[in-house]
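Some structures to go through are shown next.
Here come two complexes built around chain A, the first alongside chain B, the second alongside chain C.
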Partner chain A sequence: MLTLDRVSCHFGGVTALDQVNLTVLEGQVFGLIGPNGAGKTTVFNLITGLFPPSEGQLTFQGQSLLGLASHHIATRGIARTFQNIRLFSEMTLIDNVIVGMHTHLNYLIWDAVLKTPRFRTSEREARAQAQQLLHRVGLGDSPLELAGNLSYGNQRKLEIARALAARPKLLLLDEPVAGMNATEKNTVMALIETLHQDQLTVFMIEHDMRFVMGLCDTVAVLNFGRIIAQGSPSAIQSNPAVIEAYLGQEDT
Partner chain B sequence: MDWSSWWSTYSTLVLSIGVYGLMAISIYITLSCGLLSLANAAFMGIGSYVSAVATMQFELPFSLALLLGTLTPSVVALIIGVPVLRLSGVYLAMATLGFGEVVRVVALNLDITGGPLGLNGIPLLTEWWHVLLALILVLILLNALRHSKIGRAFEAIREDETAARLMGIATHHIKLLAFVLGAAIAGLAGGLNAHYTFTLSPGNFGFENAVDILTMAVLGGIQGLIGPLLGGAIITLLPELLRSLEEFRMAANGVILIAVVLFLPQGIWDPRRFRRWLKKRATHVDA
Partner chain C sequence: MLAQQIVNAISLGSVYALFALGFTLVFGILGVINLSHGGIFMLGAYAALLLISKFFLPFWIAIPVAMIFSGLVGLLIDVLILRRLRQRQASHLMPMIATIGAAILMTSLAQGLFGSEARRFPLEMFNDENLKLGNITIPLLQAGITTLSILLMLLMVWVLKRTRLGQALRAIAESPRAAALLGIPVERLFYLTSFIAAALGGTAGILIGLSFNAISPFMGQPMLHKGIAAIILGGLGDVRGAVLGGLFLGVAEVFAITFLSSEYRDALSFGLLFLMLLWRPQGLFGASATRSA
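What follows is the complex of A and B.
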């Protein structure tokens, strides 16, 4: 579904990514791990078109993503969350989610001005769907709260709801459980499992090993901009190169 | 004082409150989309000159002149918006101020605009209800947009443009829409303004006016449509209310503005602060 073919990315003299090859298959929960500064978020930024790769090819569903503007990539069916949460903090929870539906609301300006039936129906449906999504991530109780007032963990959940609102085919999660307590992690884990059952392809970056190993069917390890290992969670856990680069430094 | 003499004394002031309400709303649109554009005075100038020339030289009906005064700045905004809106923050402010200077200098040097003398003897065609109708229509339009995907896109762009783009919002189109809409409203306000002030000169639409318009929106508050209207009214009325201070009135004007910005940073009309006050009062009563 998503392929990165020998993708490199240089910032000035710094090589953030060096000849990265990755393939995410349809229906997969794919995990990308690696030490801080390894270049994981850069991978997401390239996929979502925030900046172009220095070399290499990015394809999604057989079509190249190179040269496409970010909002076009989003309409192709790729939605994401952010490591450093980027919600619309002065907007309500439900409005945050409805912004995610922007491209699916296909009324024109005049429909809004004249309040035509088409405008009313699509706004009403959007509101109902947004409310359902809030329920799904466990935030259904206070849809009119401001996003900025949520706890850290709940902000991450809201970001997932907003990304799901775009009805993506591929969901990119950038450290979805960073800063969460154990209970919150379990609810997000259960949520991602239901998304997986619904055939959504998930590509996540995460530091929490229990979380990654429990959810992902394939894990890739990135270190200093290079993929040093790729395979099933159990194979990764016993890979000596990975243990040296990453797992060995953690108390697992 | 009876009604007709009151009106003959104060009609210009009343109409100015409406026209500057429109101007404050025109800059509110771009601000609500996160754009600090200071081109609105220039768009107002274009609208004023185009509609005044239309009624004076081409003897077009007032309605058609107003339409031209609205459309011309919109087209100009569409053309300059594409390159200029690549900028943001203070750089956008500088570029739009620069555009304002260009408009002023062009008006100063063209024959059709009367050069430095400006235009005199513009027919007095603006009635009180024209201004009121324009305000009502603009408010209905913008209120509808605010509660649609367009308004949400404006807000999302203001809060986090990158996140908005990654949600599939074509941010450059939406920003251009805000810029053109602001120009159209400023042009309409200019057309109405020209037909009750009798004269126009290039100096009316320079730097000072651009900053005044921004001040109106910021002073009133940009949380909704009421704030800019209120700000427009206050900035228009303040010099008149302070008339008794004579030569100190501009200084007093400035002091009042500083006080408001210091103590009410979100502007005078801030629904969130009102809600907080209500809550506080409710808890006091409970205790």
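What follows is the complex of A and C.
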């Protein structure tokens, strides 16, 4: 579904990614792990078109993503969350989710001005769907709360709901459970399992090993911009190169 | 007397508010202080003047055409200057300097094309009818100017608060990057914002030109200062703030003229701005560190 073919990325003299090959198959829950600064978020930034790779090919569903603007990539069916949360903090929860539906907007400004039936139906459907998504991530109780007032863990959940609003084919999660307590982690884990059952392809970056090993069917390890191992969670855990990369770093 | 002055103040203030609204939209959404807004204001007035006095269009056609023309000038400035600076991720100062350049260019252009002396709308086109409300007289022209400004402002507020387009714009105001990743065509909406803001600025120019019946190449600069004052009073990037800031400035000026003398007009309004900055540096509605539209 998503392929990175010999992708490199240089910032000035620094090589953030060096000849990275990755393949995410349809319906997979794919995990990317690696020490801090290994270049994991750079992979997501390249996929979502925030900046172009220095070399290499990025393809999604057989089509190249190179040269596409971020909003076009979003329209192709890739949604993401951020390591450092980027919610619209001055909007309500439900409005945050509705903004996420932008790619499916099917009325014109005149419809809104004239309040045509098409506008009203579309608006009503959007609200209902947004409410449903909030329920799904466990935030259905207070849709009119401002996003900025949410706890850290709940902001992450809201980001997931907003990303799902675009009805993506591929969901990129950048450290979805960072800063969450054990209970919150479990609810997010259960959520991702249901998404997996719904055939959504998930590509996540995460430091929490229990979380990654419990959810992912394939894990790749990035260290200093290179993929040093790729395989099933159990194979990764016993891979000597991986153990070396993580040596002295307990479960971070 | 007092009631009459209040009417005048609202009339002048609503045009200031319209100008400030365009100015604050660009700041809130593009994150840019567009110092060519005064130039667009001036060109809008000239466009209306030309359409009326050279092409003999009735003013209910001339005004919308001049509005669209102003919008296109704003769009051109965005495409030629601001877009390039965005692509280079230029610092905040660069768009300011670049748009000062654009403003100077527009002023010289107007000077070259139309001369430096003030021009007037053909007076005979306005009948001198007045609306009488008790002992307040409102010239029909002034009533029209005020109504148009207020309608345009209400329209903008409604678009921003109530429509999906407005929601997308507010999303961009908070984080252009996150908005783009949600599929919002950020660049296209930047163009649209520049167009709308310039159309509002140009309209303010037409209306000020009509109400003082004097149009000159230099009318943009003092207006720009007033616009800056209005949006700082209200809180940078905040739409309600720009509207209230503009109205407040109009009231301050009219009362300065009435109770002191016209020489003190700008001294009073900018003195108030100074006091405001001491008391509430973020303005009436401004949140100190966040951008909002």
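Here is the rule we use: the second predicted complex is superposed on the first by the 248 of 252 C-alpha atoms of A that agree within 3 Å, B and C clash if a C-alpha of one lies under 4 Å from a C-alpha of the other, contacts with A are read in each partner's own complex, and residues count from 1 in each chain.
Assume a residue touches a chain if its C-beta (ideal position, glycine included) is under 8 Å from a C-beta of that chain, and two chains touch if they have at least 3 such contacts.
The shown structure was predicted, so the numbers you read here are calculated from the model rather than taken from an experiment.
J.: Check chain A with both chain B and chain C modelled on it and let me know: fit or clash.
T.: clash
J.: Regarding the shared-chain residue A:223, is it in contact with chain B (first), chain C (second), both, or neither?
T.: After superposing on A, A:223 lies clear of both chain B and chain C.
J.: Kindly classify A:239 by the partners it touches after superposition: chain B alone (first), chain C alone (second), both, or neither?
T.: It touches nothing on chain B or chain C.
J.: Quick one: classify A:41 as touching chain B (first), chain C (second), both or neither.
T.: neither
J.: So, A:154: does it touch chain B (first), chain C (second), both, or neither?
T.: neither
J.: I'd like to check the shared interface: which positions of chain A are touched by both chain B and chain C across the two complexes?
T.: On chain A, the overlap between the chain B and chain C contacts is residues 48, 50, 69-71, 74-75, 79-80, 82, 86-91, 95, 98-100, 102-103, 105, 107, 109, 112-113, 162, 166.
J.: Can you tell me which positions in chain A touch chain B when the two form their complex?
T.: Touch residues, chain A against chain B: 48, 50, 69-71, 74-75, 79-80, 82, 86-91, 95, 98-100, 102-103, 105, 107, 109, 112-115, 119, 123, 162, 166.
J.: For the complex, give me every residue of chain A touching chain C.
T.: 48, 50, 69-71, 74-75, 79-80, 82, 86-91, 95, 98-100, 102-103, 105, 107, 109, 112-113, 162-163, 166
J.: Given the complex with chain A, which residues does chain C contribute to the contact?
T.: These residues of chain C touch chain A: 159, 162-165, 167-168, 170-171, 174-175, 177-187, 290, 292.
J.: Under the definition above, what is the set of chain B residues touching chain A in their complex?
T.: On the chain B side, the touching residues are 140-141, 144-145, 147-150, 152-153, 155-156, 159-160, 162-171.
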